[in-house]
Structure formats: structure tokens, C-alpha cells
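Scrolling down, you'll hit the structures one after another.
Across the two complexes that follow, subunit A remains constant while its partner is subunit B and subsequently subunit C.
Let's turn to the complex of A and B:
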């Protein structure tokens, strides 16, 4: 059919296949935003992921509200960031997202019961009080522990993970190229001290 | 009914203002001392109505209810002996009674907090020590409000005596009298000390154990923990195997010990309540016979 057809039989990619693959990679990289400079908001760095997760819009809003209590005040957060970075990633293990949703509901229920409203309706300071009164702030994260330990493991752990694997969160720690984030072309153009290599 | 309505209002205000339910529980318990022993029942009814009305019944409802009721119950249990036959006698007696009542409320708070923290843990919501930390401010509130209230009542009554008005207040714990039951002050005091020792051992001992066991959970397996302990203590020390075995025992059975703490402590409380006179008599008899033998020799 083509002049390269015999070459394909040898397991060596043809020129057309090579160019197609190269073009596809470039297109994917452009779509992903690879190598672009991150802006001041972590939300800009969000990755559009799969929507096949068990969280509803209310869960995303609640998790965003909790994030404002967990994250440093320097970080501004948007629901799209939470949805794309938390629920848009590959599920760490089967059932992880379900347990995360359960943890969100546990915090929201506690806020309704003892702080007079949903976690989204109360102030950031009051949200911290909710976590404290649940005992979340004084326990180790344990996947199969008490409700407080599970909230610490699934909810607080995931929020911190997605923050510190994002460029903005990495900058808070002084790490421009955090694990889990490709870092971009700029990171490779800099020397160890941030200067020229 | 009125107490339930007042309780409902207080709980509603507390939730809207973010005041910890432990403080509200402390208020209800102080009401048991100052107003009536049944006042906490109204408060608890208000709490349950609030949570049912908002559709938010959860472990917090159960644990707070149990904490308030057990707190008030221990106080009533101990003060029936303390104050039976006593009538309020103005500021002087109030000032005398206030420290005793503060001690009794503290004892009740310690035991109730241990029990409620255990319940929260068994319901799977929190660890023992975090739940205990959540309830303890309420004990402080109950003690503070009760002492303040007792002194205030004393001052008001003294003023009333000067003016010559008769007392029209209700029947409070302070003046409660149980017909036909007048245990001696010494016996009641000894029993209260026993209840304090058991409760304090339960609350603080199990809290420390729970924190320790929780931290040991950072080692995923017993073998890893054993390797750490062995490395830390070394193999040359003669006590190393004993300490390692003991710590491994805590690692393996510490959680179980925390869970079993409540049945053991409750059995100890009722055992002390029932047999403390016999225990003290037998101890005194034993000491007496030892002294007699020593003098004979």
C-alpha cells in the first residue's frame, strides 16, 4: 500500500507513524499546558480530569470550604481547582473517593449539628473550630481509624497533597518543582539557586 | 417542660454562636446543683429536641446526653450523703460548702468525662483522649458556675434574713434530704475520695495510654516496632528484653485495654460504693491486730 509498509513488518515505526506520534505528543503537551509559567492562583494550574467521581457539586463546595481552613491564608482556592486536582487525578486505590466523600459528609454533618449551618455557610475560623471539635487536628491520619482519623487521612491528607504537588503549593515550601508536578521547561532552565545553569 | 424549652433555646443559641456543647452541658450540670437535680433532664430534652428538629442526630447527641446525665447523676449520688439533713445557713455555711461542692462536681466531671469519652470512642467517632479534651472545659464551667452560684445564693439569703423575708426557692441539691438515709460525713468523704481516685485513674491513665498506643500505630507492624525498641535499648542491657516485651504488649493489646477500661472502672466504682465500709473496717482491723501483736512482742 505504501512504500514504508515492509518496514512496519519489521517492528520499526514508519516515517508517517513517527510523525503522527510526534505531532500527537506536541498537541497533548500544548493542551496540558506543559512548560507554561504558573500564575499566582493555584486554580489556574488545575488539570481537567475525569468527571466519573462520586462527589456532587455540594461535596466540591464543602471540600473547597474546608480547604480554606486547612490551607495557609496566602492560598486562594476555587472549586474548579478542588474538583480537577482532587477528584480529577487517578484514584489512589479503589474506594478512595467514596471514603473521601464520606469524610466530607462527616465534617459537614458536624458543622450542621454543632455550629448551626453547613460548612460552606460558616466563617473560615469557625471551620477550623469544626475540625478541632471533631478531634481531627490532634490525631494521626489513619485510613481505618475513627471518623476523626479518617477525615485526617482522606480529607486533610488529600487537600495537602494536591496543594503541595501544585506549583503554588511548591513555592510555599520553596520547592519550584514539587514531586507529582512536571515543573515545566522553566524549571530545567534554572540553576540550583534559581539562577542561570 | 419549661426546662426543656429553656434547654432548647440555650442549645440553639450555642450552635448559632459556635459555643462548645461542653460549656452548655456544664451550665445544665450547674443548674442541677443550684436549681434542681432534675434540671439537666430538661437541658438534655432540649438538646435532643434540637437535634431531632434539625435532623442531625448523631454520636454527638448520644455522647453529650450521656455526659450531662452521668455528670449530674454522680453529683446527686455523692451529695445525697454530703448534704442530707443540711439546711442552708447563710453566707457562712455557703462559703464552707462551696469547696466541698466544687470537689464533688470535679469528681462527677472526671468520671462523666471518662465515660463519655469512652462512649465516643466505642461509637467510632474519636479517640479517647481527643473526646476527653473536648469535654473537660465543660467540667471547669460546671465547677466555676456552681461555686459562683452558691456564693451568690449565700449572699442573697443573708440579705433576705436581714430583711426578714421567708425563703421561697425550690428544693435544691443543697437542701435535699433523703428520709431514713443519713450516712456519716466521714464515710461519704472516704467514698468520694475513692470515686475520685478511680475516676482520675480512668480518665488520665487511659488518656495517656491512648496517646501512647496511637503513637505506636506509626509503626505498621509489631516486628518493625520491636526492631526499633531493640535498636534503641540495645541487646546488652539485662532489662531490655523485659521492656521490649512490655512495650510489645502495649503495642498489641493497648487498644483493647482502652476499650475494656470502662467495664473495669465501672465495676471498681460499684465495688467501692458497695464494699468500701467493709474494706476500711478490715484494713483498720488488720492494722489494729498488727499493732496489738507488735505491742505483745
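Let's turn to the complex of A and C:
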């Protein structure tokens, strides 16, 4: 009943592409730990093992411009925030950053074609209209969906994720050290006035 | 082919099946004493970077939290009882097992948990006492790196300090403490296998607050003991499923474990001793799948107890709001608990413990998690059979509209009212009809019947958790909170702790393993799992699993 059947070695399923993605990537992990991800731009090097990502300076600027339309006006962000938080994090799935770049280009192309200028050159209000007129605000975020669905999934989704896992987004939520941000172990002990209870 | 890709059998003194905490601790404990150990693990290995991905998947509503390990065909199951088993939300199959998702709370069981029959006339006593397990608890706390303080007047007795100092209480603990003091309820620190300082070459907790998918390694996972076992010479073979356990002609000894590799080849791993450590559901399943002429009802099942007496830890939660800040969700773990109501004398019914929230605010949601335009099943229909109408409906569902800019839909608000909650987890007594069987009508990726889980609450659970709810209410009322949500037992789903399905005892006619966790039926077959728990207590099981694994490894070592 347990014959050693010859198997096709090429048939080995890579069920979770997820895992194979960074199979060979160097990752600074000490001892039995995984290694910690410092917040901010250092993350680019320490976690992904490489600062190479597919976004150009123009992509980062365009994404920063779109972020000003997506985020509440109380949030002020910089291209370096976007670069370190979005493209500096561990890529959640293989190909994610490529799809994000494609989504950024789709929004920029739509702005040029329909709103008479690059996304960086128009006002925040007009940028919102660009997203609305693409249908981004009325579709379900879908990784392999239509252009609008992919913009919602990769671009809007990423922007919201990095916002709410940063102290800046935490302010909107009344959480000093929001989940996803390695902000240490002081905030949870502090009372409302910032001091020890 | 690298060594890690070679999934053919090798010479071994001991074969361990499963690389969660139970299997990994057993493997390490034996390997470090020079024994040849092979561990067969169904799931895959994760890299450090994978843990960062898991964090994003955990936090981001549109990613599936379990996609990093789940294989829909392999992991099929059936649930038939009142309590929905939701099995694939309560386990992980990967190197490290379910400890990749656990919260790492590591209280010991209490003395009375081992003597339920003698003390209260219910269930059965364990064949070992708290005193017997106590030295192994000390070792398990060191192995896992437990942070804690000896400050629990209602906790089990202890002499040796915890290896790491306890985390300090949270701000909201101080709010709860005032109310509890008024009511005469004592709080204590929650012991946990999370580093309050650097320990065992792992970083201290840096406050990511996503402990179910801790990316820093500050939280213990069984990957620690997998790595240590490998360093001590053990061989960990991932992505291999144990299909059956085979015995000699007389049924006295196990001879081999038959397993399948990812490319469908079957192999036979031989060894002198075998340890099944597949968790509380798959462990009885592997035995039931290994039936034979000698054991027609399943291997090591002459008692008929394999799969029976399934217990989980039912829980209830009361949430309320205050007008003053509660400072929630600035850390991922619970810092305080109360064991005031652990003794039956206190409740007039069963045991439970309370934990006080630090994470009552959800920061993932809002515009991040727009609900799908239609129900998931409708969505499937549409996807499999798209028409222009249904596609248009999908694309323009107004419920799915999001606002941008200042109108952005936030996951939670910053101002009042501020949430906080109390959770209670309680004891379920062993009942033969709560059980894991094989569902022969449904098969897994190897064509074998899937586990069927039949779990229902009895009167004991109902009474115990009603008491718990009334205490939660009185604490929140004392605090001046407005109660906003009460999660009762109604419609509850199975907890993440699965116990009792290969119970321990002295009588081979009633129980599956003896006090050494060796099966009564087969002289070289051992079980490392909460499935051996005779009763479940009301405390999280994994420290006890690790303590028993260390004890079992000592017994195996004596035999080798």
C-alpha cells in the first residue's frame, strides 16, 4: 500500500507564492528572532534586504499627490513618508509593487487625458475627481479586477494601510502607537495626559 | 537538491509528527541529548520576511489572514454540533504550528484542575497532579521565555521566579483596578511568552501590537525550538503529511509512519519511538485513519476514547464605553487578568478567568474594509457566471462607495465615547458525545476522510459563563461604563484550544494514554498535545502542552 511511487518532481505545487517570493532574500534576523523593522526609511534596507523597488521618483511624487486627495487635510505627508512606508515595507505578495506602480500610472494617465494635466499638477479637489471619475470610489478592492478595482486595492488600500499603521494616522484614531507600528511600550501605560497613571 | 528538499526517510531513534510547540519542544529535548530525531510537518517553513507579510495580512481587511498556510483541499473539515468549529481559524499548519498565530498567554493550570473528581465530584482526575507537573512547568517557562510576576493570590502555587519580569500594567488596567478593588476582585499580571526584555537571542517586545502575527520575534513561536532542535542535529522535514501510523503484526509496537511528499510520493519513516503531535483535532484523526485488523476502531483506540471528550474554552465578552479616555490599542497583548473566579467554591459552578482589554479599539476597518457589494455567495455566483447586469451591479454598488479627503471613513474615532472590555474564558467538562470522528463522505487532498467536529455546550458551561457575564457587568457598571455589547454563548464558535481527544488516565479501558503520555495499547507510541488533557481547566493550554512534552521526552529518553 505504500509503494514508493515515482513522482513528478516538477509537479511540486507552489501553493503559496507568498512564501517563495523572498525565498532567497537575505534578512537580518538575530538568533532565534525574526529581526525588527525599524520605522521610517531604514526599513527599505533592513527588511526587504534591498532598496530596489519598481517606483521611480515620478511615481513616488504622483502617489504622494494622490495621498493628499485620499487622506484628510489634517494629515500632511511627504514623498519620503510615501517612499519609506509604502515601498519600504516588505512587499506583501510578489508583484504587489509592480501592480501598484501600474495603478499609479493609470491614475496619472487618466488625469492627463481627462483633467488636462499630470496628477501632481492639479489641485487636491481635482485629484479626488480623477479617482471618482475612474470609478475608484464605488468599486470593491479587487487584486485582479478592473483598472478601478485594482487602483482601489493596490493604491487606495496601500495608502490607507500605511496611514493607519503610522503614528500620523494614529492621531486621527486617538491611538498613539497604532497596531503595525513598532512604537515601543510606553504609550499603553500612559494616561490621557501623557503621564503615568 | 538541498537537504531541505530531500524528503526521503532517514535513520531515526524518534519520529515526531507535527512541528507546533508540542512536537518542536519534544524534538529539541530529545535531540539535545544526542538522539536522532526526524520531525514530519505538513506545513511549510516561513522566512523572517514572511512574518512581516503576515502582519500586513492580519491588519488589512482585504487580505486573507490565513492564506499564508491554508490549503483548502488538505484542510477540509465538517462541523456538526451547536458550536461552529471554524477549524481553519483556530489552527495553523506550518513549521511552528498554531503558535504562529497564538497570543502567547501562558498561565499554568491550577491544582484543582488535576483533581476535579476528588474535589468536586465531576469528570475524572488526571493520573498526575499539579505537584508532578510543577518542575516541568518551571522548565517550560524557561524554554518559552515567560514574562510574569508572582502576584496572583488566586493562582497556582509557585516558588521559582519567572524567567522574565512581567510587563507593566496598562493605563486601562488602572481603571479596571479601581472598580475591581471596590468589588473585592483581585487582578494579577498575565504571564506570557513574550519578551519583556531580550531573551534567548530574541528581541524584546517593541510594541507592534499585532501579536497574532508578531513580526519581531519577541513573541515565542515553536520556530524557536525547531531551530534549536535542528542545531542539535534533528531533521525537520516540511510539507509532508503523515497519512497513517503502522504497527507490527501483534499490534504491540508502531513500526513506521507513512507520509506523502508534495509531489505525491509516499514514504515510510521507521523509528524506535513515535510521537504524534498534530494538535487536538488532527492527532485523533491520524489515529482514527490508522485503523487495522488489530485496531478496527483506530490505532491505540481499544478504549473507544480516541476523538471523544473534546473540550474547548468557551468565552464571553462584555464591552462598554466611558466618557474618559481608555487608551486602548497602544499595545497588542493583555497585561492583566483575574483568577478570582477560578475555584468552583467562588462561582457555585465552573472555573473561569477574566482578562481586561488593551485592544478594544479596532484600527483596521473603515474605508479599508468596504463590505463586498453583495454577499460572498452571491459574489461567487457572479464570478462563476458573469452577465453584463450582474457585473454592472458589482461595479456600481452604492453601499460600497467610499469618501475621500476630510470625509474619509475612519476605522474608529479619536474622541469619546471610549471603549473597553472584559473577556472571560471558562471550563468545559469532558463529555463523550463532544467528539472528533471521520466524515467518510468528504475527503482531503489524499482522498482520506476529513475530521468531523461535534461540539455542544452543556449546562455546566451555561451556568459558568452566566456567572462570568454577571461579574463582567458588575465591574463595568462599577466603572461607570455604558454597556454597549454583550457577547454571550449564543451562536458562539469553537475556541482556539482543542483538548481531551486522546485523554490521559490509568485505566486502559477508559483512556488512551498513561501518565507518561504513552498509549496504553502500543509500547512505543506517545502523544504530545492538549489532546491528552483529562480535563481542560479554564486556562490557556500551551504552557501545559510544553510541560507535558518535556516530561514525555524524559520518559522516551529513559527508554532509548
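As a convention for this text, the second predicted complex is superposed on the first by the 138 of 197 C-alpha atoms of A that agree within 3 Å, B and C clash if a C-alpha of one lies under 4 Å from a C-alpha of the other, contacts with A are read in each partner's own complex, and residues count from 1 in each chain.
We adopt the following convention: a contact is a pair of C-beta atoms (placed from the backbone, for glycine too) under 8 Å apart; a residue touches a chain by one contact, two chains touch by 3 or more.
Predicted model, so just to flag it, every value in this text is computed and none were measured.
Peer 1: Determine, under the contact definition given at the top, whether A:146 touches first (subunit B), second (subunit C), both, or neither.
Peer 2: Both partners.
Peer 1: Who does A:110 touch here: subunit B (first), subunit C (second), both, or neither?
Peer 2: In the superposition, A:110 touches subunit B alone.
Peer 1: Looking at A:138, would you say it contacts subunit B, subunit C, both, or neither? Reply first, second, both or neither.
Peer 2: In the superposition, A:138 contacts both subunit B and subunit C.
Peer 1: Now for A:118: first (subunit B), second (subunit C), both, or neither, which partner does it touch?
Peer 2: In the superposition, A:118 touches no partner, neither subunit B nor subunit C.
Peer 1: Would you check which partner chain A:128 touches, where first means subunit B only, second means subunit C only, and both and neither mean what they say?
Peer 2: Second partner only.
Peer 1: Of the two partners subunit B and subunit C, indicate the one touching more residues belonging to subunit A.
Peer 2: Looking at subunit A, the partner in contact with more of its residues is C.
Peer 1: Which residues would you name on subunit A as touching subunit B in one complex and subunit C in the other?
Peer 2: On subunit A, the overlap between the subunit B and subunit C contacts is residues 135, 138-140, 146, 148.
Peer 1: For subunit C, which residues are in contact with subunit A within the complex?
Peer 2: 44-53, 55-57, 59-60, 62-63, 67-69, 71, 167-171, 174, 200-203, 205-210, 215-218, 223-224, 227-228, 258, 261-268, 324-325, 327-332, 335, 358-359, 361, 363-364, 366-368, 370, 372-373, 394-398, 400-406, 408, 410-415, 418
Peer 1: Note which residues of subunit B are touching subunit A in the complex, please.
Peer 2: Subunit B residues touching subunit A: 15-18, 20-21, 51, 54, 56, 58, 60-61, 121, 124-127, 129-131, 133-134, 214-215, 217-218.
Peer 1: Can you list the residues on subunit A that touch subunit B in the complex?
Peer 2: Within the complex, subunit A touches subunit B at residues 109-110, 112-116, 122, 126, 129, 133-135, 138-140, 142, 145-149.
Peer 1: Please give the residue numbers of subunit A that touch subunit C in the complex, ascending.
Peer 2: Listed in rising order, the residues are 1-9, 11-13, 15-16, 18-19, 22-23, 25, 27, 29-37, 47-49, 69-74, 89-93, 124, 128, 131-132, 135, 137-141, 146, 148, 153, 156-157, 160-161, 164-165, 170-185, 187-192, 197.
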